[in-house]
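These are the structures in question, set out in turn.
In the two complexes that follow, chain A is the common piece, with chain B as its partner first and chain C second.
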Partner chain A sequence: MDVVLQAIAFVFQWQNLAALAGGTIYGIIIGVLPGLGPSAGMALALPLVIKWDPATALIFMGALYKCSNYGGSITAILVNTPGDASNAATILDGHPMCQLGRGGVALGLSATSAMVGGTIGMVCLISSAPFLADFALRFGPAEYFLTAMLALSLIAAVVQGATIKGLVAAGLGLLLSTVGFDVITGELRYTLGWAPIEDGVPLIQALVGLFAVTQALVLAESGESISRLARLSGGFWEGVRTYFRYPASIVRASLIGLFVGVLPAVGQSSAGLLAWADARRASKHPDTFGKGDPEGVLASETATNACMPGDLVCTIALGIPGSVGAAIFLGVMIIFGIIPGPLVFTEKADVIYSLFVALVLTSFVVFIIGMTVGRRLAVVTLLPNEVIVPLILVVSLLGSFAIRNAMPDVMISLAFGALGYVMLKGGFTPIPLLLGLVLGEMVETNYHRALMISGGSYSIFYSSIISKILILLTVLSLAGPYLGSFWKTLTQGEK
Partner chain B sequence: MREKFKLTEVWCKIALIFIFSACYVLAIPFPEKSRQFPQLLAVISLVMTVIALIVDFSRKDTLRGEITGVDDTELKVLDAKTKKARKRRLYQAWAIILVSTGVGFLGGFLFSALCFFAAFALVFGSVEKRVKNMIIAVALTIVVYFVFGRTMGVPLLEGALW
Partner chain C sequence: MSRALGIFFIVAAAGLLTTPASGADFPSKPVKIIVTAGAGGGEDTEARAIAPYLEKHLGTQVIIENQPGAGGKIAFEKFQKAEPDGYSLITYTFPKSVIIEYQGKTNYRTADYTPVFAWSRSSQLLVVHGDTWKTFGEFLKAAKEKPLSGGLSGRGSTTHLMGLIALDELGIKVNWVPYEGSAGSVTALAGKHLDFTICLATSAVSLIQAGKLRPLLLFSDKRDPHLPDVPVPKDLGFDMTYIPTLRGVEAPPNTPAAIVKILENAFSKAVQEPGFIEVAKKRKMVLQSVSSKEFGKAVADIYPKIAKLQEMLKN
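Right after this comes the complex of A and B.
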């Protein structure tokens, strides 16, 4: 308790409050800019904070990491481009709400989700961090593998009636994740002699290409201004009121976010999609999901914001990042001399709890900024096509370039942009591909580790109770859409 | 049957069949542990793609993209004239992207940014607003320089030529 009080006193020092506010604003701006997510934002901000006090620098980075998700939701809702993979589920209902003329309500929902989801997540994290870390430690390689399989199988819920296509896209994503050095044997695979992909297909560059470049191409092809696509009307406060009309969904989404977050290597994107699919299944009107249902935005955003604290548990307590952003955050911690692991809660308790307290405060700061400045940030949709298209391209490709200061990264982004566009034209959504790419390394590594532990026996994948539950959930998520249509056909036939 | 071959969706799947087959074949020389996972994935993905293709050909109605993640409303073409205009705009956009990236490779990303803004303003902007658009292009390039070049230290002026 004393540590928490000391941390509160530390965070309220002027330089730390300034770092918190700076990180919040910077994070929202980074998130708002299409294609630039928390990873690129942290990578770009690192040279600025490298000489700061470690705790202050981590407060800045933590606020940036947390708030870029909210910024990303703004573009997901208004421009149909997620700032990061974590906002992928927000697109499903956020952008349709915008197209229905309820963009303001969706933004209000998003800001409230950032505050409520983030606060619930942080309070739970601070009070139960050691217990959550213990639970996560029960997962072995087989469970990690099955958890990723569950996340991928949820594509069935995302692609809506096109499960096979979703799985094909996920398969392509998983195959792309095998490009480069094999983490088990060190063998070079599928690089065709091209050095920039020897360390694997870079995730940020792929993300930028699949979403930002593809979106820019669609806009360029349409020749219409975004403002025509996204009418911003409906009050922010209406969004806040709407949010609290769904208390059960808030609780469920927060719990899903926390649960997914605490599982190592399963990040915010999975949390958002899981919560969205859960809200849809629990809803009395599932048909409205994907067409602008506010509950869809609420569920995905609350879960994503509640997930981030859980995500940090794995990153800090185990050194296993739960997402691409968390991986960069892990790197930032190591750069500042804070080595993640179970001992960090005792050896660097002051720094860790200062970060936690700052993140609680950030939840409120992001709400205030969202409700006041968020509307102004929405002017991005009023920009004419000939300005917004090159702006998306320049900022996203520049973000891609700035990570390694290498032009081949720009080429990778453009290649993924072309792939995303062709997929779009061919009736595939790029989200499963991205999930496959993100989870690929974890899936393969744990597949091999599990087999090594069992001496080559596949029984390890269904021996534990956790494994059985995960397999059941995976089968249900894959079979669900078909069972649903079968049941619907049966009942319609009876009528 | 011939109509189905005109669809992008069908060609996408045929291309995927080749990609998955290639992934399987290319993995053959890898050590057993390195090839096991990609080959397993390639086979499963190949089977699913073939199933999806069979479903496409067995359907009597017109194929439609089942997209929920990304807004596809602008991709639904209404008539041949609109289709042609959109295709031209797409080719123009790709030409600008490739030329601007080439400029960036030679002279640095700042020139690339200027090229992006100026070219899109010239090609996609209206003739009446050309001067205004060019001023915006230069202003945005300056903003990019100060935000990324000066504040974040991104080397915007490093290219193959210098």
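Right after this comes the complex of A and C.
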């Protein structure tokens, strides 16, 4: 307990508060720019902080890493361009809310999500990091395969209402996920000799195309503005109030985010998507999801913000990074002489707990920044389309280029933009496609790995307790909609 | 007359600008180091750590540019056609580029590049879970009884090639399980889903220190100063070839020797700066200066080795 009190005193020294605020603002700016994610942001900031006191430098980096996600949600909501892959699901309801003139409310929701989701995640990280890390280690290839299957079963809920079109999109997503270097056999698949897709279809570039470029095309069809009403209704505080109206969804989304974050081999982009799909399934009015339902924004953003502390669990407690961003944060820690691992909690307790306290505080700083600055950005949606369309195209394609400094990536974004446009006109939703694209590789490679370890015996898929629970959950998830009222009572309580 | 003279001067000036062969005025503008992976990885961190000291000894600005994609292949192909003026250099974990050449058709050849300097060398480590075998002898006995499952940081990677060499020499069979990068295989080992993994020491150092994982063998001809207790094959009476990995920089094909000399000098001084040595120590890097000539020899030597191993990979 002493160490936590000392850490609080340390964080409240002026230079650490300045580092915290600086990192937060820098992180939000990095997040707003598509193509510049937390990874690039941290690498660019390294020369600046390298001479600082290690704990202060880590506070700056931690704040940057944690807040870029909020920055990404701003562009996702306002102009349909995800700042980073983790904001993919925020677009689904955040932007439609904007079109209804409720952009300010959506921004209030996302800022509150950053505060609540981030705090819940941090509390779990602080209280039980070593325990959570041990839990994560119990997930082997078989468990990862089953987790991905459980996630894929959510597609069933997403496509409800337009089953055939939804399954076509999901299948397309799964097919696209097979493009590139096959990790298991070492072969290149479906690349047509084109090097830019040898690593697989690049996710952020595809997202930029599927959402931002498609959006620009749609907007270009009419001479109005994003907000179809000429004025904005509802503000930031309405978003905050709306947020707390859904306590059950907040808890579910936080848990999903934390779970996805803690598992090192599940990408951060899945957290928001899975929470969104789960919220839709649990909702009494799934039809409004994707059309500007505040609960969709809440679920997606709360999950992604809870995901980041989860991501740090294995990074700090085991020295194993859970994502690309975490890998870079790990590198930064090592440069400052803090070697993450099971021993770090005793050997460098002062630095680690200062970092944790600062990250909790960051959640609130984000909220304050969102309250003062973020909400004023909603006026962007009142700009006429002649102005906003070129702006979206320039910023998003520039971002797509900046990720690898490669022109072919812009082509990929444009191709996905065309695909998105065709899908939209044909009445398809891009969400199942995204789920397939994000989860396909995880299903495939872990299936192979499990069988390689077991020597071909399928018993590996149901031998552990975790496997059995995952199988049960998957069956329930698939059969749920057919269980009718019994299921409704079970999941949503008596009505 | 004066006009002719003017033209003469312009031509002469243009000539000066386009003939860097003498190297007399090198460097007169910023030097760019291309990293073949994303920001923040090992290659990137080392490049960024050395850059400020290189700036000091080169007397010009050093810019780091990340060109990730296809394991570095995109960057390698672009680099093959880069201007050989010493202003663009490439850094990567050798022999990654040679392995990519053997995996498919490429529009570059590592042998064409001009080696400049390498600063660190690392060797592969055989690691098991802390609850299992205590010595390499125990491990070998178990491996001969039934095939064990071994994690790889990637199919066809240096860890895979080293694993194949070891199997061949030790006469054991293994179920190889490929991952993307060593984080995956190390995690799976820590959770006891695998029996062992082969990785670089830096990937597992914190779990080794905490006693969760145990290193049993270092694939090198001499011990690692950071892991003095871990035996090398020679200590146990085995004779193996090794795939040592180097981190360094190369210049585009046909870079003039005078320019390479200037760069090599600057790098060799930069790696002796206490600030860089400090970072290297924290990252558990084994610093070892490899000159342009030695680097060139390492490149020439690796081709036949990897060619032979690629044959084994197909089986």
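Here, the second predicted complex is superposed on the first by the 273 of 495 C-alpha atoms of A that agree within 3 Å, B and C clash if a C-alpha of one lies under 4 Å from a C-alpha of the other, contacts with A are read in each partner's own complex, and residues count from 1 in each chain.
By our rule, contacts are C-beta pairs under 8 Å (C-beta built on N, C-alpha and C of every residue); 3 or more make two chains touch, one makes a residue touch a chain.
This structure is a prediction, so every number in the text was calculated from the model and none was measured.
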Could you look at A:Ile184 and tell me whether it touches chain B, chain C, both or neither (first, second, both, neither)?
-> both
Between chain B (first) and chain C (second), which, if any, makes contact with A:Glu444: first, second, both or neither?
-> first
Which holds for A:Leu398: it touches chain B only (first), chain C only (second), both, or neither?
-> first
Which superposed partner A:Ile126 touches (first chain B, second chain C, both, neither) | neither
Once the shared chain is lined up, is A:Ile431 touching chain B (first), chain C (second), both, or neither of them?
-> first
Report for A:Ile339: first if it touches chain B alone, second if chain C alone, otherwise both or neither.
-> second
Report for A:Leu167: first if it touches chain B alone, second if chain C alone, otherwise both or neither.
-> first
Shared contact residues on chain A for chain B and chain C?
-> 44, 47, 184-185, 405
Interfacial residue positions of chain A with respect to chain C in the complex | 39-40, 42-44, 46-47, 136-141, 181, 183-186, 188, 193, 195-196, 198-199, 264-265, 314, 318-321, 324, 327-328, 331-332, 334-335, 337, 339-344, 404-406, 445, 449, 452-453, 455
Give every residue of chain A touching chain B within the complex, in rising order.
-> 44-45, 47-48, 80, 88, 91-92, 95, 99, 158-162, 164-165, 167-168, 171-172, 174-175, 178, 182, 184-185, 187, 189-190, 211, 214-224, 229, 290, 384-387, 389-391, 393-395, 397-398, 401-402, 405, 407, 410-411, 414, 420, 422-431, 444, 447-448
Residues on chain C engaged by chain A in the complex (per definition of touch) | 38-42, 44-45, 48-49, 52, 65-71, 73-74, 77, 103-105, 147, 149, 154-156, 175-180, 183-184, 186-188, 190-191, 193-194, 205-207, 209-210, 212, 279, 282-283, 313
For chain B, which residues are in contact with chain A within the complex?
-> 8-9, 11-13, 16, 19-20, 23, 26-27, 30-31, 33-34, 37-38, 41-42, 44-45, 48-49, 51-52, 55, 63-75, 85-86, 89-90, 92-94, 96-97, 100-101, 104-105, 109, 112-113, 116-117, 119-121, 123-125, 133, 136-137, 140, 144, 148, 151-155, 158
